[in-house]
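Order of writing sets the chain letters: A, B, C, D and E. Residues in each chain are counted from 1.
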Amino acid sequence: MSDAPLLRLRALEQVFDTKKGPVAAVGGVDLEVKAGKVLCLVGESGCGKTTTARAAAGITRPTAGAVEFRGKSLTDMTPGEKTAYRRAVQYIHQDPYAALNPTRTVASTLTAGLKRHGLVKNRTEARAKAAELLTLVDLTPPESYLDSYPHQLSGGQRQRVNVARSLAMNPELLICDESTSMLDVSIRVSLLNTLGRLRDDLDVGFLFITHDLAVAKYFAWDGEIAVMYLGKVVEHGPTPEVIGNPQHPYTKALIGAVCEPDPDLARANRSSEQLRSAEIPSLTDLPAGCAFHPRCPAFEPGVCDSTEPALEGTGAAGGRRRVACHIVARDQRRESVQHAQSRDDRTLVLDPNKSPGAAWSA
Amino acid sequence: QADSGDGGDGASGKFVYVYPFDVSVEHYNAALNTGVLLTAAPVAELFIPRCAILNWDTLEWTPQLAESVTLDATTLTIKLRSGIKWTDGNAVTAKDVVGTIYLQKLNAAQGTIGWDQLVSATADDDTTVTVTYSEAFTGVEHGALKAQVLPYARYGEWMDEAQGLVEAGEVQGGPGQVALAEKIAAEDFLDEDFISCGAYKFDQIGETVITLTVHEDGLFADQVKFSTIEVQKGDNAASVQFLLSSAVDYSTQVLGATDRSTIAGVEGLKEISTPGYDGIGLMLNEGRFPEFADAKVRKALMYVFDTEVIGEIAKGAGGYYIPSTYSGLPDPHAEGLFDDVELEYYTTDHAKAETLLTEAGWAKESDGWHKPDGSLAEYTIIGVEGWTDFSLTGEQAASQLTEFGLAVSYENVPADNPWGIWGAGDFDIAVRQWANPFVPYVYGSWQMTWFTDNSQTADQPGMGLNTAEVATTSLGTVNVDDLYLASQKGTEEEQAEANKTLGIVFNETLPRLPLFLNQRVSYAIEGERVKKIDAGDYALNDIYFDNPIMVRILEGGIEPV
Amino acid sequence: MTDPILSVRDLAIAYRTGRKESVTAVSGVDLDLYEGQSLALVGESGCGKTTLGLGLLRLLPGLGEITSGSLTYRRKDGTRADLLKMKKEQLRRFRWGEAAMVFQGAMNAFNPVIKIGDHFADTLRDHAENGKRWTKAAVEARAGELLETVRLDPDRVLQSYPHELSGGMKQRALIALAIALDPQVLVLDEPTTALDLLTQRSIVQQLHELRKKFGFTMVFITHDLGLAAELADRVATMYAGRIIETGSARDIFYTPKHPYTAGLINAVMPVKGERPALESIPGYPPSLKAMPDGCAFNPRCAFATEECKRERVPLELLAERPLAMGHSVACVHHDQVRLQRKQKENANV
Amino acid sequence: MTTTLDPALNAAITKPRKHFRESFLGRLWTGLTRSPAGFAGTVLVLAIVLFSFVGPLVIDQHNPTDTTQIWTSPSAEHWLGTQYEGKDTFTILVNSGAQPIWVGTLAALMATFVAVTLGSVAGYFRGRIDAVLLQLTDVTVTIPQFLLMLAVVAFFEDIPPWGISIVVGSTMWAFLFRSIRAQVMSLKEREFVEAARLQNLGASRIVFREILPNMAGFIFVNFVISVNQAIYAIVGLYVLGLMPSGTPNWGLMIHQSWSQNFYLNPVALPFVVTPLIMIVLFTIGLVTMGRGLDQALNPRLRER
Amino acid sequence: MTAPAAPPPQPRVADGPPRTAGSLLRRIWASYAFRRIRQSVFVIWLVATITFLLMHFMPGDPIEIMAGRLNSAGMSHEQAVATASNIIAYDPDASVWLQYLDFLKGLVTFDLGNSLTNPSKTVFEHVMEYLPWTLFAVGAGVVLAVVVGLSVGMAMAYRRGSWFDHAMTSVGSFLTGVPNYILIAAVIVVGYTVLGVLPFLDMRGRITAGVEPGFDPVFFGDALFHAILPIIAFAFTATGSFMLNMKAATTEVLTEDYVTVAQARGLKPGRISRSYVGRNAMLPIIPQVALQLGTLVGGSIVIEQILQYPGAGQMLIQAISNRDYPVVQASVIILATSVVIASLIVDLFLVRIDPRIKTEGQDA
């Protein structure tokens, strides 16, 4: 495992031309994924997670910025390198059924790529390899799945076939776009466990996309989380830090909004803080300054609505935490100046047993 | 057109005729030769009369608008009846006749007998017209006498212009004529009443029925016995239906065998049979198949056919007859002409056919007859889709030839342009008429036999007959072109001689394979509205060109019950 | 509070799948719904939650039918009615007037070609008391009032077509519509599943408030245990068409007695606190067409014995609680069931 | 990951690759035979095809004109009586089916082939070809079908039957093209196609092996419908009397019945009705067959 | 449990986007419309050109054809040609390109000249003699088909699986499958020849003898009497496809949540089937209605031939066999234009009843 990132997104921008005007689905994202590590991208619907992932997988060409694989930008790659990249980076879709061709058996789905890229010599070998792949994703015994059609499998099994297909290419990086959100809770855990094993045993890196913070926390515990809002990363850092000690008001709101499977905790949570507005601004008509300011509980006129906050390191967690918020940045500065002073009551710390709203309503 | 007065002396009742007109495309401009309201229909005699009508039996003129007609070599004198008025109130005068003649003369194609020779027409007085011809020709007066007379009041301007042009030497196709023709074509007079001078005039013109009432100042208005003539719109199918329900008194629609059996039981039905002066035969394309130039081959084919069966299928009983002379002339015309010569009579005789073919160098093999050059003889007969008698004839002929051992198939071509196909020589064997009902003189038949569809130009090769040199056994090589000319000109004896020679040539060389002659059958219903319908002296008249029943109505020979 | 507002006995619902075939999607359900209570129906996808919810209002689609059981309801005036014997017109009046339902995927709950306001008008007019006419103004006033309670701007929303509203707004508008006739019972089928976390939160909030204000009884269908914990007084777990455990929210979450319920809770990932090692329930839910004999859960159950494969036990009342809060379970091995993860013992009174 | 062969995997390798029932032909077969309607339709179609293609070989082709036998009623000798030439109507009917059927099938084959190839190319690659082809279909759809056929038929006076197939096929491809294109376009956006693209499977493989098999049912059902339509176009041309007619066929019989007023004559009834009945039966056969196929092959109906 | 904090005032949603961009939007929309119109014009031009070429490459010119006809009707060959060329203002030797240029000029100036065979009428007058009859029959047929098809289709969907549904599905596929001309021919044979109850021969043509066109019930009744068979024939196919499509559409709508919700809302069944099911199910049918209109007018040729109904189809076939170029071209252009316009109208109409399209349209 080298320290050089497997995949690096540099100021990635994706602007779609629509009839309503340009849509900046992704507006400058800097992220990196290391081999055998997980980077989890979370955020609300429409914030640009899928768009980022698709650009990273090379499905779409970003309008600005670069996708680098092993330090080499996609646009500079020779066809050969590009093929290698395509094989090394695999994408797993959200809907396990839609991603499988309903007219092909599992075996033929799994072996198509193998045959095409000459990874197997003959049919027997291809079939053996397919069986092996199925074992790898815990579909055992493989022979009872090889000749099945997708419609004969359950959702969890289908998603495993998808994973197996991408594994056929010996990938170094898997990009999973909401790959578990269509599955039931119990099945979700087992698939996540399987993926975790691949990560640990095969040293596969993950760009893992989810809207579910719990899933992010569970899968990326050793990795990092990046929280996106309206095309920008607003907070980024090691998972336990971000979940346990969110800094950005948006992250806080997200975490505060989670319903815990615990009636007592839920009761305590009931009076949590309301955002200033429930509506997500349209991407075609982004608010000036911080895009979150119309909804932000910590909004300060004149600060938040004038300039866009940069994603800055906070110094915490060994410099691996970054937050894009004027208020956090200011408090940070203040804190470093008034080192010895007690914490400003605006400092946002989440006590798991205390509703964040209580803190904010001060 | 308010008054629908009772017409002539005690005219009453209604006479119903059926004809497939279509008022949505028709117009009232009688100076245009086609598409004028009913003027091409037999019933036109009743409202837009001519100077005279031909009696096909005697070939004499029955005066109509004319009181009398006399042809003295090159001078035709037409004496008009007086007291006849147009529906607009003007009297019918020589001016109308003269104008009509000039309009026709100008628009007639060059080379048309009767118009080519016409030098001038003058109105000597109100009722006398003198027409001068440059040459004497059989039937030269035909055109002038049979022109439907038009009112000067309406068409005078064009008539005068036409006269001026003719006098200036303009002919059809010249710039002045074209300009005038266009002017005429652009007018439809739909907003005005149709001006006529016949016994009847238009009363109501509807989509599906046109009624005529007596025009009291019209020709023969005092003789006619019906106060109303009704023309029902109807094609063959409708005619059958009308006849079945006795809703019409007279129909000239050509009905097929099936239709005829359908109506056979109708009470009072009368089939009026008249000779058709034409028949159906086969045209062989010599240009495409040189082997057809051998008369033996043609004769052989002729011996194969069972023409009775073909006629029966194509026309049904009573619709055809087998020619007795095979001279190329419809029988009434051939009468007496060939009394002193022995013409070959073609009846089915396969043995004879085989002998003839063998003599011609053909050989029968397992797959059929082979031509002298050794190749298999294969032909397609074409008929015309929708022309039922043609297609049935073609189909039958093909199957009889096939049975004989010739590889002949049959096909229909679409009806929209068979003339183009025939003219271009784009066929092996084609079903085509022979003889000619349209010109009631002998030469009409020769025209049809040798010249129609045989243009002999590079792009219109037609049948590929070489009419300038026709080889015969008894007469040696003859020039049919010259003979044809002689059959129209010259003295009566010279014409008779030429016709006789041509008949013999036809019989020996068979430029068409004549299968049968048409019998024109029209249908009448007696006893419903009409007492009795019969053709009288005009039994030999053609029903389309000098319809006997219409003449009889005008004469008062047909009356209501 | 002894007379349940809705009482279900041995209910079975089947879907016709062919000329003679049918699958039983729900069977042997006994359920009592008490006034003012909020009941959560949880379970994996396809276990029959929606079917049961629809069955409660006799709203099953054409191919579904109630094959056995009884369904009685206590009207606003206190009389009891047998839902299965109701005539068409009675049933129509019952629906929405007495019991309303907020559907799974409210995105499509509104007719796309008519305005939101007209939806209110239609509902109010078709349920008008004899002689009462809902004028346009009256409809607007009433609808406006309702929309205000779910914090929507009536002026705009009433004039909008459904597609002009965001998902959250539609969901709120539907909730407003659901309480338009002041129903006693509100059935909510996954009302927040398709929504964003933050929107979801605000809807949950609103439901709390509405319940406080109107006091309706609520059946809340969800596969999200978090939501169940948030909203329910009582929870019923469903598996393969049956209710296998019911109890108060705390009973179910802290001391589940059915191995499946426990497995479900074990598989839930909490956001707060440390990351526990989670375990999934092995295997997959059975297909309705090939139900295992005995307890439907036996092939996946760690405690399964021969007995489980042979026989299915009915719901058995375990803990003596007030009638409305009893804890029952359908498992012979309930005494062996423990939560893997230590769940906030301090809260577990 | 190495490809060492685990003996445990041997079992998997030796498993049969594909069941016949799961193959396209297998599904076609089950689709046709499983549902009573599909089965009945198939039987009907096969019966008429047999009648029209094998019948002429079996029955006595000698059917002479017989002027004494015109329009006789059905009898033991002449099952359907005789027609206007005294020929046996049944013999004519037996000979009348082959041409419309094979010409129609050929036309449908050509139209389907063109539509599928062009439709997949246009739908998958889009761009300029797509725009051009789309415009072309606009034009094809706007020109009245019969005008086109009429003009071509008139231009080539004695057009051979396969020529008619081309003409008819060329008026039909446009509709099919559009639906194929639309299908390809929607399938192209499906995630499994994207997955195939991500595996670099190559455009032609993706179009022909990933996308088209998903439309196999659709294409096949459309083909059946096209056969139906082509036959009608052809019969229509005959009914209008626009075709050079030599070989007997249903359309010609109808044309004769109408242009020669046979339909007025009750004796002629067998001649008039039988071609109508044949066409109607053939249609019912094709339609029910199509419905059976649709049920068997339509993925939407199958997935459950 | 703490008392819930008073919720901060929920900002009311603003009244949509500011309208300043209105004129720009409108311009874009206009340009979209412009593009559509330009495309339609292009299609019409192409169709016209193809028709022109097809017609001119057909063997035989109008003079030749008319002459042939006159010839076989009794005139000598020369006289026939002379007469034909007197009537027909057409120069067979003129270059096709010059004629084409002329034709284009005519297209642009909406003056396609006069009918060749009927020179006193402009082609439009000529076409208008026939087209209204066909339009009447086709229109009435489609209305009939819509009424029957939609109601039966809806009933089928409501009673899916019942014998009624099965029977009507068979009827529907039968009607769509069997060409309408075969069906109407069968109707005639059964009704007229076999049973003798259908006065088919009286029904041919447009109106009965003696009835004069005018604004009176007698005329309309009679016109209807004559148009009944064509109307039925035109309705056949359309009814079948409307039935099946309406059933499919209704079935789909019936599974939509909003219908279940409407039932759950206890709405009256009539209201549900009208404004919830019917309205939505009809949306996809409407473009099909327009499409059917076009197809039916185009397919009127055979029907009118069988039924002897002198409408546009008969005129077209007549004009083609006469090589009356201007009439054929005009008819095809009228047909093409009406297809294009019909689809435009449908678009506009759909906007009226389907609000979802409206916004898309504005955005477009």
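Assume contacts are C-beta pairs under 8 Å (C-beta built on N, C-alpha and C of every residue); 3 or more make two chains touch, one makes a residue touch a chain.
Computed from a predicted model, the values in this text were never measured in an experiment.
Novice: Can you give the shortest number of steps from chain C to chain D, where adjacent chains in the path must touch?
Specialist: 2
Novice: So which chains count as neighbours of both chain B and chain D?
Specialist: Chains touching both chain B and chain D: E.
Novice: Could you quickly compare C-E and D-E and let me know which has more C-beta contacts?
Specialist: D-E
Novice: Using CA atom means as chain centres, which chain is nearest the centre of all the protein shown?
Specialist: E
Novice: Report the chain whose mean Cα position is at the greatest distance from that of chain C.
Specialist: It is B.
Novice: Which chain has its C-alpha centroid at the greatest distance from the C-alpha centroid of chain A?
Specialist: B
Novice: How many angstrom lie between the CA centroids of chain B and chain C, rounded to a whole number?
Specialist: 93
Novice: Averaged over CA atoms, how far is the centre of chain D from the centre of chain E? Could you give it in whole Å?
Specialist: So the centroids are 25 Å from each other.
Novice: Can you give the whole-Å distance between the Cα centres of chain A and chain C?
Specialist: 32
Novice: As a quick test, compute the distance in whole Å between the mean CA positions of chain B and chain E.
Specialist: Those two chain centres are 44 Å apart.
Novice: Multi-chain contacts in chain C: which residues touch at least two other chains?
Specialist: none
Novice: In chain A, what residues contact two or more other chains?
Specialist: 270, 274, 278-279
Novice: For chain B, which residues are shared contacts with two or more other chains?
Specialist: 237, 241, 414-417, 421
Novice: For a test of understanding, state which residues of chain E touch chain C in their complex under the given definition.
Specialist: 7, 10, 12-13, 15, 160-161, 254-258, 260-269, 271, 275-276, 279-280, 283, 353-356, 359
Novice: List the residues on chain A that touch chain C in their complex, please.
Specialist: Touch residues, chain A against chain C: 44-45, 154-157, 184-190, 193, 211-215, 217-218, 221, 240, 243, 253-266, 269-270, 272, 274-275, 278-280, 352.
Novice: Residues of chain E touching chain D in their complex?
Specialist: Touching chain D from chain E are residues 39, 42-44, 46-47, 50-51, 54-55, 57-59, 173-174, 176-179, 181-182, 185-186, 188-189, 192-194, 201, 298-299, 301-302, 305-306, 316-317, 320, 328, 332, 335-336, 339-340.
Novice: Touching residues of chain A toward chain D in the complex: what are they?
Specialist: 57, 59, 83, 86-87, 90-91, 93, 95, 98-105, 107, 112-113, 116-117, 120, 124-125, 127-132, 135-136, 141-143, 146-147, 149, 151, 162, 165, 167, 169-170, 202
Novice: Touching chain B in the complex: which residues of chain D?
Specialist: Against chain B, chain D makes touches at 64-65, 67, 70-71, 84-85, 153-154, 157-158, 241-246, 259-262, 264-265, 267-268.
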